[in-house]
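Below: a set of structures, written as structure tokens.
After this come two complexes, each holding chain A, first together with chain B and then together with chain C.
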Partner chain A sequence: MDLKDKLLSSFIAFENNVDLDNPIHEVRSEAIKNFEEKGFPSKKEEAWKYTSLNNLQKVDFSVFPKQENTLEYRDIKKYFLHEIDTYKIVFIDGVYSSYLSETTHDGVDVCLMSAAFNKPMYKQIIELYFNKVASKDESLTTLNTAFSREGAYIYIPKNKAPRKPIQIIHFATGNEAALMLQPRNLIIAEENAEVQIIERHQSLTGNEVFTNSVTEIYAAKDAIVDFYKVQNDAKTASLVDNTYISQKDNSVVRVHTFSFGGKMTRNNLNFYQNGERIDSTLKGVTILGEKQHVDHHTLVHHAQPNCESHQDYKGIFGEKSTGVFNGKIIVDQIAQKTNAFQQNNNILLSDKATINTKPQLEIFADDVKCSHGCTIGQLDEDALFYLQSRGIPKKEATALLMYAFANNVLESVRIPELKKRINKIIANTLGVRVGFDL
Partner chain B sequence: MAYTEEELKKELETKEYEYGFYTDIESDTFPKGLSEDIVIAISQKKQEPEWMTEWRLEAFRFWKEMEEPEWANVKYEKPNFQDISYYSAPNKKPKYNSLDEVDPELLDTFKRLGISLDEQKKLAGVAVDIVMDSVSVATTFKKTLAEKGIIFCSISEAIQDHPELVKKYIGTVVPQKDNFYAALNSAVFSDGSFCYIPKGVRCPMELSTYFRINQAGTGQFERTLVIADEGSYVSYLEGCTAPSRDENQLHAAVVELIALDDAEIKYSTVQNWYPGDKEGKGGVFNFVTKRGICEENAKISWTQVETGSAVTWKYPSCVLKGDNSIGEFYSIAVTNNYQQADTGTKMIHLGKNTKSTIISKGISAGQSQNSYRGLVQVNSRAENARNFSQCDSLLMGNRCGAHTFPYIETKNKSAQIEHEATTSKIGEDQIFYCNQRGIDTEKAIALIVNGFSKEVLNKLPMEFAVEAQKLLEISLEGSVG
Partner chain C sequence: MLEIKNLHASVGDKKILNGINLQVNPGEVHAIMGPNGSGKSTLASVIAGKEEFEVKKGSIALEGEDLEELAPEERAHKGIFLSFQYPVEIPGVSVTNFMKTAINESRKARGLEDMPANQMLKLIREKSEMLEIDRKFLSRSLNEGFSGGEKKRNEIFQMAMMEPKLAILDETDSGLDIDALRIVANGVNKLRGGENAIIVITHYQRLLEYIVPDFVHVLHDGKIVKSGTKELALELEEKGYDWIKQETVV
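Let's look at the complex of A and B:
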């Protein structure tokens, strides 16, 4: 039985476990119908030209974990940003772990999707926001919608900001077998609210893990949302991350994606600008080796005048790794005075590594400033020589230059501890130990 | 008088196609439709050898299995391939020895197009192989070329006179089954140009062919084959205009360039087929496959000025097979009213130290859609490949669209690739700056558009640059000085 059939048949079992009177039931049924029709995307589709899901579909994934697993904090502490105090929403094999988490209802809601789905007090918000910006015909998104039950629910009311950043961590123990997870997150920042979120998927097993995650983010007027995705997973884990962002007037949303780990990672990052004077920032650092594969697929849809978007993706690809960048900017006819910038720089370290990039512009308005730039190259030999002539070994010098290359993206990270952590991961990935804090 | 962008737009909308006349020449036309019999009939009509007929039939069989491509960013009503006549030749044969013998109506057509044969002969020193509908009617300067050993004739003549060259090279760059339209062309191509430059010869003049679609309801399927032998150089020009027709006309040409070691081919195109009226009715469908292959140290340079056609689907490409080979692509694509253009290039780096440059300028006005679609591919053995791409779009008015689809695929760490694209309109500040220095708005727009396309216009051969200017004027009159 292939994965699609398995998922379709488990949907019936899944439905038996959830409340059928819930209005969400209808949304789920619609969604599974769409997935049944479309199935997993194939390389024949333009959007999946460079990324194949074929191997994943051959794995016999367990769709529901059979038993509850627990973890000791000291074993997994290193995966948390433990240097600072944060709210934590922790899932183990898709099940909420209250023991490891720290949620709140004090002024802001930092809790669970399952609670939001079932408690009457959230009914109105769920009706207003759930599955509204997420695609209703992209097959993997609808697959997630069909199985949406658990994930992080963050609601920041007007003029509020939580006291500390929020961490969302999904652990996969995968003790039994290969595991498929489908977390669903909903983040709403009301007018003038502000929130910082760090998200991480972490597999703790040698078994295969496939995560198909969907996150919806709504930023109302004047809201500020910072979202950091740390993708430093085990080499047996695959991730499809679908993020949909809807922005209103004057809002600022910044999404940083740090991709170092994982076997196959596909990021579908979609920004919809539904207001004026919006600022959207998409940044990413990708450093890969072995046979890793990371695909950044971004969309910024400028639907209203006077907005801005900034994209900056840096990639360093070694060994047999593959990097894909497909950035799309759409500027509607009424979106005059749009400023949209896109930058994608890549360094190839090995002859076996591949980079496929397709920065794409679709522009229907005339009074706009849109540009994209894309480069593929090597480290500057002169700069390398300069550093070596000053006594820095080649390996460290290389690392320094690569670090400098990626630094632009790190500059806009607004949590200093996170920045430090990312620096450490970069140093680790590059395999160097330099005398100062990289 | 102050000239505003509004006025320019209005003028653009009402600008009629200047070359939209129709010459009544008796034609020898085949019945409509396509089948193996028609393919054989075309081949027989042209008295082709058997291997050519077989080659055509093979292509036809591939074509039958293929589907029309749909990935391009253009929308149009698909042509009915059974409703097209696949062969049409001007009737008045045999070939003329002097211009006096040529059908006066034909000569008149050329005059109105601004291609007076004798004038061209004397003034420009250009050898013109005129393709009227499908059959080559007149070839000039053949003697001069023959002295150097250069072969420049129609492809049907080449099949008769130089079968060994045609047989060796045809289909080597664009195979029959390359794509839907290439397969169609391979099966039914009626005529086209053939050019061979011997070893070490530098072609003393620009070779030029003017294409024209004339007879109603006939598709035109040109096949061009240019071979530059080791160490030779040739500059080849191709220009086209077509009369006004309401019915959509299909044009599916194939151009193959072969640059052997140390050779250089410069291929320039000015395309100004009927773009349809301002409601978007009629116009030519232009689905062209152009590709060149570079052996060691060879260079191929494509320059194109695309102003016509209702739908354009065209990607002149370079396969950089030999070490140190160079590919270049310079393009201006202008779309107005309801025109749609999906054009760009492919640079395939296979050899070491290969270089490619892509400069693409898109200008869209009215309700047109203008897309750049390009591929830069560096294979794992292409050490030190270098590419620079730049695609700029200029939007005039807010009902048109500009799109960029650049694909970059790199498998070699020593590759250096740069790509940049911008989209903008003519800045108010730019116009203001000009006004401030006493340049009126009309001239300012002309200056800016001209400057915007300069990099590409500069690449055209002198004789052609004038023509290109003329054609740009038709599409964007008032904006190009």
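Let's look at the complex of A and C:
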């Protein structure tokens, strides 16, 4: 049985465990129909030309974990940003772990989707926001919607901000030979609210994991949302991250994606600007080696006047790694005075590494500023010589230059400890110690 | 200290140096002058070990040790310093952190421990004051957004920090106004004396009024065509390079 059939038959079993009278059930049923019709995307589709899911479909993934697994904090502490105090929403093999988590209902809600789905007090918000910005016809998103049951639920009311950043961490223990996870997150920042979120998927063994995640983010008028995706997973873990963001007037949403690990990663990051004077920022650093693959597909839809978007993705590709950047910007006719910037710069460190980069601009307004640029190059030999001539060995000099190359993406990270952590991961990925904290 | 014998070097098929002979003794300052394209900067880069250039013939030795097989960083560890004509910008790495890394890498190569932090700070303070460099400047990203003059002053600051045996200054005077030139020259002269040697590459006599050379060499078509004392620089300033070119043809 291939993965699609397995998922379809699992849906019947899934229905036995959920409340069929809940209006969400109808949404799930619609979604599974769409997935049944479309199936997994294939390389024949333009959007999936460079990323294949064929091998994943041959793996016998278990779709529901058979048992509840536990982890000791000391064994997994390093995956948390533990230098600062944070709220934590932690899942082990897709199941919420209350003893590793720290949630709150103190003025803001930092808790679980399962609670939001089932408790009457959240009903109205779920009806208002759940599956509203997420695609109803993209097959992997609808697959996730069909199985949506657990994930992070974050609701920040008007004029509020949680006291500290929120970490969402998904652990895979490897107790299953191969595990498929489908977390579903809903994040709502009401008017003038502010929130900072760090998300991480971490497999703890060499067993195969396939995560198909969907996150919906709603930023109301004047809200500020910072979302950091730390993708430094084991080399046997694959991730499809579908993130949908809806923004209203004057809101600011910044998504930083740090992609260093994993076997196959596909990021579908979609911004919809539904108001004026909106600021959307999409930044990424990708550093890959071996046969790793990362595909960034971004969309910014400018649907109202006077908005801005800033995209800056840097990629460093070694060995036989492959990268994709596809940045789509749509400017509707009504969206005059749009400022849309897009930049994608890449360094290839090996003859066998590949990057496919493509800007896709669809502009229907005439009074706009849109710029895009992509570069693919090798390391600057003159710069390398400069550093070496100061006594810095070639390996360290190379790492410093790569750090410098990726640096402006890090500048906008607003949690200093996170920035430090990312720098450390970069230094580790590059295999160097340069004598100071990068 | 430095002994260059019959040095031939090329980039690809293009021959740039065609048999350079140069002997620099401890304590000496040598000026190398010459028209554009004569091979001055190439000579500097070849001594510092830039891989782009291929040494076809001849040898370069520092204190009797042949440099041919040494990487640029190994030459730096042996005490060679090149002040770049066009220093490279390194965003995100501060001048201070860059210097710490450079100094400690050189110490590591000599089997020494990292320089203690307080000693490093003291050294940085002392050298930056000597070159009249603002403290704020030291926390800025290396060369990023620096003016031409700031870049050159920063090069000499790095030189002062590293205290090389042999410093090669490649067009350090370009981009400097007269005050900056005096400050930079002062920094260079502090290194002078004792065992250190300096090679000054320049188009103009101006810098040599402040850093007075013991010897002046004229480079043309990748060869030293004339050598003399500081008076030769004055003569060049007055007459230009054409007479030397003609002399060479004859």
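Methods note: the second predicted complex is superposed on the first by the 438 of 438 C-alpha atoms of A that agree within 3 Å, B and C clash if a C-alpha of one lies under 4 Å from a C-alpha of the other, contacts with A are read in each partner's own complex, and residues count from 1 in each chain.
Keep in mind that, in the parts below, a contact is a pair of C-beta atoms (placed from the backbone, for glycine too) under 8 Å apart; a residue touches a chain by one contact, two chains touch by 3 or more.
All values derive from a computational prediction rather than experimental measurement.
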Partner chain in contact with A:L128 - chain B first, chain C second, else both or neither: neither
Touched partner set for A:I84, first chain B, second chain C, both or neither: neither
Touching partner for A:T354 - first (chain B), second (chain C), both, neither: first
First (chain B), second (chain C), both or neither touched by A:A13: neither
Chain C versus chain B, contacts on chain A by residue: B
Touching partner for A:A404 - first (chain B), second (chain C), both, neither: second
Contacts of A:S389 with chain B and chain C, given as first, second, both or neither: second
Chain B and chain C footprints on chain A, overlapping residues: none
Chain A - residues contacting chain B, complex: 46, 333, 336, 346, 348-378
In the complex with chain C, residue positions of chain A that touch it: 380-383, 385-394, 396-397, 400-401, 403-404, 407-408, 410, 434-436, 438
Chain A-touching residues of chain B, taken from the complex the two chains share: 71, 378, 380, 393, 395-425
Touch list for chain C against partner chain A, complex: 45, 48-52, 71-73, 75-77, 80-82, 84, 86-88, 90-93, 97-98, 100-106, 109, 114, 158, 162
